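Worksheet for the structure shown next.
Labels run A, B, C and D following the written order; every chain starts at residue 1.
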Amino acid sequence: MTDWANILINAGLTALYLFLAICVGLLFMGIARKVTARIHNRVGPPIYQNFLDVGKLLAKKSNIKHNWIFDFAPLFALAGVLLALAYLPMGGYRLLSGDGDLILLLYILVIPALGFALGAGASANPNAGVGVMRALTLMLSYEMPFLLVLLSLMIYYNTASLTTLLEKQMHSVWAIDVLPISALAADIALQGMMMEKPFDIPIAPHEIASGPLVEFGGNYLGMLMLYSAGSIVVETSLFVDLFLGGGIVLNPAVYGILAYVVNYIVWFALIFVVWMIAIFINAVFPRFRIEQAFKFYWKWPTLIAALGLAQAYIMSVILGVSV
Amino acid sequence: MIHPVLLIAIPLFFAFLLPLISLWSKKSLPYVTTAVMGLNTIIAILVFLEAMKAPIFDIIGGFQPPLGIVLMVGPLGGFLAMIINTAALIISIYSMEMKKEPLLKYYMLTLLLLMGTNGMVLTGDIFNLFVFLEVTSIASYGLASYNKDLKGFEGALKYVILGSIGSTFVLIGIALIYSQLRTLNMLDIARRLGEMDPYTKIVAFASLFLGFGVEAEMFPLNTWVPETYDGAPHPVTAMFSSMSAKSGIFALARVIFTIFAFANYLWFVVIMGLLTVFFGEIVAYVQKDIKRMLAYSSIGQMGMIIMGLGIGTTIAVEGAFFQMFSHAMGKALLFIAAGYMIYAAQTEKMSEMKGIGRNPLIGIPLLIGILSIMGMPPFIGFYGKFYILMGGFSQGYYAIIALFLAASIVEIAYYARFIKIVFQPSTKNYPAPRSTVYVPLILFAIIIVLFGVYPQPVFEVLKHVAAFLAGGA
Amino acid sequence: MEIWSAFGIFVLVPLIGALLSYLARKYAVYLGLIFALVPAIALYPFYGKEMSTVVNIGVKLNLAFDVTTWFFMLMLDTVALASMLFATSYVRKGEGGFSTLMLLGLAGANGVLMARDFLTLYIFWEMMSWSAYILVLRSSGEYARRYMLFAVLSAYLLIMGIGIYYYYTGSFLYSAASGIPLSGWAWILLFLILGFAVKMAVFPLHVWAPYAYRSEQPFVAFLSGGLSKLGTFGIFMAMYSIAGVAILQGFGTFRSISLFGYPFAVLGAFTAFIGTILAIFQDDLRKLLAYSSIGQLGYVMVGLGLGTPLAVGGALFHAFNHAFFKAILFLGAGAVIYRTGKYRISELGGLGYRMPFTFLFVLFAIFALAGIPITSGFISKWMLYEAAIEKKFVLIAPLMLIASVGAFLYCFRILYGVFLGQLDKEHENVKEAPAPMLAAMALLMLPLLIFAIFPGWILKWINEILTGANIGTLKYDTYAYYSSIGGADMLVFWITFMLLFMISMYLFTRKRKVTKVVDQYDNYLAGETPPYVQLHAAHNFYKPLRDTWAPLLRYSVDRAYEKFVKFFIEGFEEIKKMYTENPQDYAAYLGIAFLIFLLVGWWLL
Amino acid sequence: MIPYYYIASIALIALGFYIVIAKKNLIKIIIGLDMMDTGVNLLLISIGYVKGGTAPIENGNYPIYVDPIPQALVLTAIVIGVSVMALALSIAIGLYKNTGTVEIDEIRRLRE
């Protein structure tokens, strides 16, 4: 009986966290627009603008529909990103992350992207095809350093489980203090993962008319906005969980409910900082070309990540540091 | 009790009866020849079955050995005689394709060739061996130049020159042995070999090795092979590779094992075999004419047999004998198919033979033959190759086997190229094969598959290899 | 007696089928289907049975049946069955060759799996090889030649291994392995593994695959899905059954991984990387799948090389998955080629709207290939990654991981180029693939789905294999699987995924009342409305990436082989000059030979 | 110690062999082959020689007689040699008919 109650409570909490995450994402998108505008010396929309946009778009009935494969995009995209959020600890609350490790998360992250790409491809617009091609190439680019970073963490902490990773960071220091080189590489990779400038090549509005998004409108676009809101939280939170201890400052085992609230606030602050860094870079940089992005990622960040990996390797294997 | 001498006497008798028959009916010559060969095959099978129980020593002319001439038929000799006669029988069906006059001489010579090869396999007397070698050679010279064109004569000329030098050396060897031991009986020689002066023994061995090496297509004595094979009429080429070459190699085996049991000379035989394989396969790769390619490939196969003999363990020699069987069948098949292809495409160039194998009557036996020659199970070519190689490994000849396998890959390469040409789609129309072509092809293919899937009978024979190696019949 | 029934069903029945389908050409494809069905179905009662016998055909064939055999037969026979089912509509009626050769190949493959001595292994191995050769030959002689050369290379490498084994033991039996010194083992295993690796198309022995995989698709599905697993089986047997863990560990260990296996694991990771990168740039659908196959089997090689329970289990599981998803992909490609006659990705496009079921099956296979967790393809990849990461291999793990990212690229190339995007006018009237083709693909899809929900079922079999070979045990239960550093629970995953999918569905469909389905040409095209233009952006899809890689792509193993061969052929031409066609030279050779014989004889005296 | 009569036969064989590999005329080559044959026959006949022996006719009067077997062998060998020569010459004739020459080099050149 308690089992079922537990599961229901967990499910409810998970739903709450997911809802909050999407809201945070939409808020962040608004903040980003505002901040970018201020940097460009414009006024910019109010920060709640994106809530209005989503509401409007979801309320609209879409006029046209391409075909059934086209519908894959919003469904897979939103479901996938929610799934990824569910596997990601937010503010120390572990949601489902105990039931799957980093590698599972890594592959879950692909589900929304793949669904999105399928829908885009089904629209038969060449811009969409080119956009997806760029997105995938970009993915290959930033994954190289990012995977090395993940590997350095997994080797250093000798775990592939996010929950364990957070616990270990909670008991000692945050990973960024131990593995700063990897953190740097991860942040550069993050910029590409979030497709912010200089890596907004796949959706380059001026070149390929927003690329994969070109054919989506109304209801479809609303769903995809929710997806991008979710993915902002996924990506920033991933960085925070990996390197900044997931924002855990109080041990939930000791402080109980208070810890969750405090941790959530710290986590929020941290992902906000990560997001702001990305936005500042975004605001001042021009756009790379895709092959430049590829070359860039496979050169410097990979080198940095490899150094980080070497550090983790030396510490863990040769020096025998165990956390 | 059936006398093995019949295997020699019947072809000889009919060879000289043929002129009389031709006076009566010229058309019946091929059928008479085929019937004779069929009779011979039956006798060979009976002799073989007899020999399986105990080696037969058939004394000719009443003199007791070691003085008299004796036919010595062990299980292996009987087996080989059976192979030779069967091959001759099947090839004689294909011989009916021959239209070029003088047919009488052709059939006489084929019967003489059969007689000579049978004699070489069956005889237990070393001088007799020489005589049969010469009978085989003379018949072969005649058959090789049978086409009376430049190619035929050139091939025959090379064969004559090398063949007669070779037989001269055989005779030298015999003379040297006789000068010391005063005997010509193989078993007797083997028994008393210790009495020989070692230097004379070496010279005698080298001479005999060289002389039979010419017939067994050993490197570098095999230079006559490609051109003679190329110039000879197609059925004759098949006979050369499946009959004379087999008797030559068996004579070589007799020299190596029955007469001289030189254990420390064997590695040299292995190297000669390896060189034979190497040069045969490599030169075959760059050939553009089908019969030449097959001829060089034949050299390669013979080299493998020589290697197997040289390795000298039971398993390797078993392999060598198995390989003689499979080579006799497979190469005869391929040469017959090649004959048809040359006839159908009206050229010897392989590049002109596109799509010729798409007729299943030709294509499937051809494929089976090639796969067997390549050494693919479950065809007979596999066991021989595998056993020879394993024999080599058990003696520790790793590097030699590795080189051999490298040469084998070259073999696969050119056969695969050949298959590629022969089976590629083409718009050319080729005349359909007559039954005289496809019946022998299918017969050979059946033998290849049958004994490949169920090699038990052959292995039953090869159990006697151990006795052969110990210097028996 | 039971083993006889096993031998009869798995080897003799396909052989008889081969003969019958050749004789009864008119019904060949159906006969082939029936005779492939028998072993595939008869397999189930044989689960968990262990037996052995000796069949004497002149040489002794030592045969046995155990869970390893069963496991590999499960994939081979099922894939063969699906291929034959597919072939009933693919192959021209009244053509005997295809079924005959497929069944011969199947018999050979089953024989390899049942063989317990090297002679038997070699006989069936070669039988399988040449029947595949002739099947390739049916479409192209040149490709067949390349295939054959490598098949024979593989066979000869095996012969070297077998020979050295024979030298030490004097027997061909697997069980006779005792008293072989470590150096002997090193050579034996090296040759055996390389020989089997050719079939698995491990770099740099992979160059045959892109050619051979361009022949008839149902056969290629069997070749890539089924027969390549014999390489996996062979390596598994050689390393863990014949030699055994103790001997592998005897070579010295590197973080408890055998030093002997480690180089092969690195080679496997490298293969995975190279195969993937090359696959990204292919425009020929079949060639793309071929390189993908090379890459995926590289993963298997990694697992076999590492040799921890997780790694070997992952390798076996991945081989299993690969058998099924690659067979679906090749069959899907076959269906597309069958309906359109085209195989260049850039010439296709939009077929997903005309062939929706084919698209769905291929999509699912691609999920498995890419390792999306809704298929079992993820689990096997996960096991391999974790195996490398838990032992902290910083070379193998990144190569494997980045290769799997590369896999997304070529997967999308297939999806977009063939099934999505613009439908060519020419293909307006393309019909869905015939029912047998769809049935074949659906059949192959089942295990991928089932084992994604219940990974514990297949892990149980794999665990039995691993325990049998003394490698160790896996940690798993019905829905979940664990390594020492992590784990995942598929039940939680599925429930969450389903719930969230339904939520998205609700959000999405809530307001969708009336929608107009528009033609695909009704697109945003910057205000222009051209009447009809070819707008399928699939030609040279990854051009920017290709430009970046161009300096490296110049180096090709393929060309290296060609150069190597050319060098040798030139040498052959030189050697040929020895045959001068002058009888006097020949006579002189004879004289020289005599002198050499004499000298050697004198020396040996 | 090699008996001196070996030397003569070896010389004959060597001479024949030299002719075969050195002379370009086909007829000469065939003569060379014949010389080799003769050399071997000489060798054979001389190994049967017994000093002071007579013809091997057994009537009791001559206890010392030469070995009869080599003589029989030589007879056979001569017959065989003759037939080989005949065939070789007929091949030479055939070549001459086809090419109009008996020079080895020219025959080869004509073919190419």
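The definition used in the following text is that a residue touches a chain if its C-beta (ideal position, glycine included) is under 8 Å from a C-beta of that chain, and two chains touch if they have at least 3 such contacts.
Here the structure is a predicted model, which is why all the values come from computation and not from measurement.
Colleague: State which chains count as neighbours of chain A and simultaneously of chain D.
Modeller: In this structure, the chains that contact chain D and also chain A are C.
Colleague: Sort out for me whether A-C or B-C is joined by the greater number of C-beta contact pairs.
Modeller: If we tally the contacting C-beta pairs, A-C comes out ahead.
Colleague: Whose Cα centre is nearest the centre of all Cα atoms in view?
Modeller: C
Colleague: Distance between chain A and chain B based on Cα centroids, please, to the nearest Å.
Modeller: Taking the average C-alpha coordinate of chain A and of chain B, the gap between them is 77 Å.
Colleague: Nearest whole angstrom, what separates the Cα centre of chain B from the Cα centre of chain C?
Modeller: About 43 Å separates the centre of chain B from that of chain C.
Colleague: Just give me the whole-number Å value for how far the CA centre of chain A lies from that of chain C.
Modeller: From the centre of chain A to the centre of chain C is 35 Å.
Colleague: If you average the CA atoms of chain C and of chain D, how many Å lie between those two points?
Modeller: Chain centres of chain C and chain D, defined by C-alpha means, are spaced 66 Å apart.
Colleague: Please set out, as single numbers or ranges, the residues of chain C touching at least two other chains.
Modeller: In chain C, 581, 583, 585, 587 touch at least two other chains.
Colleague: Residues of chain B touching 2+ other chains?
Modeller: Residues 154, 157, 161, 165.
Colleague: For chain D, write out the residues touching at least two other chains, lowest number first.
Modeller: 17, 20, 29, in rising order.
Colleague: When you check every pair of chains, which ones turn out to touch?
Modeller: A-C, B-C, B-D, C-D
Colleague: In their shared complex, at which residues does chain B touch chain C?
Modeller: 154, 157-158, 161-162, 165-166, 169, 198-199, 202-203, 205-207, 209-210, 213-214, 220-221, 223-224, 226-227, 262, 264-265, 268, 279, 282-283, 285-286, 367, 371, 374, 376-378, 382-383, 386, 389-390, 392-394, 396, 398, 401-402, 405, 408-410, 412-413, 416-417, 419-421, 423-424, 453-460
Colleague: Would you mind writing out the residues of chain C in touch with chain A in their complex?
Modeller: Within the complex, chain C touches chain A at residues 350, 352-353, 356, 359, 363, 367, 370-374, 378, 382, 385-386, 389-390, 392, 394, 397-398, 401-402, 405-406, 408-409, 412, 415-416, 419-423, 480, 483, 485-489, 492-493, 496-497, 500-501, 503-505, 507-508, 510-518, 520-526, 535-538, 541-542, 544-545, 547-548.
Colleague: Show me the residue ranges of chain D that touch chain B in the complex, using the header's touch definition.
Modeller: 13, 17, 20, 26, 29, 33, 36-37, 39-40, 43-44, 47, 67, 69-70, 73, 76-77, 80, 83-84, 87-88, 90-92, 94-95, 98-99, 107, 110-111
Colleague: Using the touch definition from the top, list the residues of chain D that touch chain C in their complex.
Modeller: Within the complex, chain D contacts chain C at residues 17, 20-22, 24, 29, 104, 108.
Colleague: Per the contact definition, I'd like the list of chain C residues that touch chain D in the complex.
Modeller: Residues 581-585, 587-588, 591 of chain C touch chain D in their complex.
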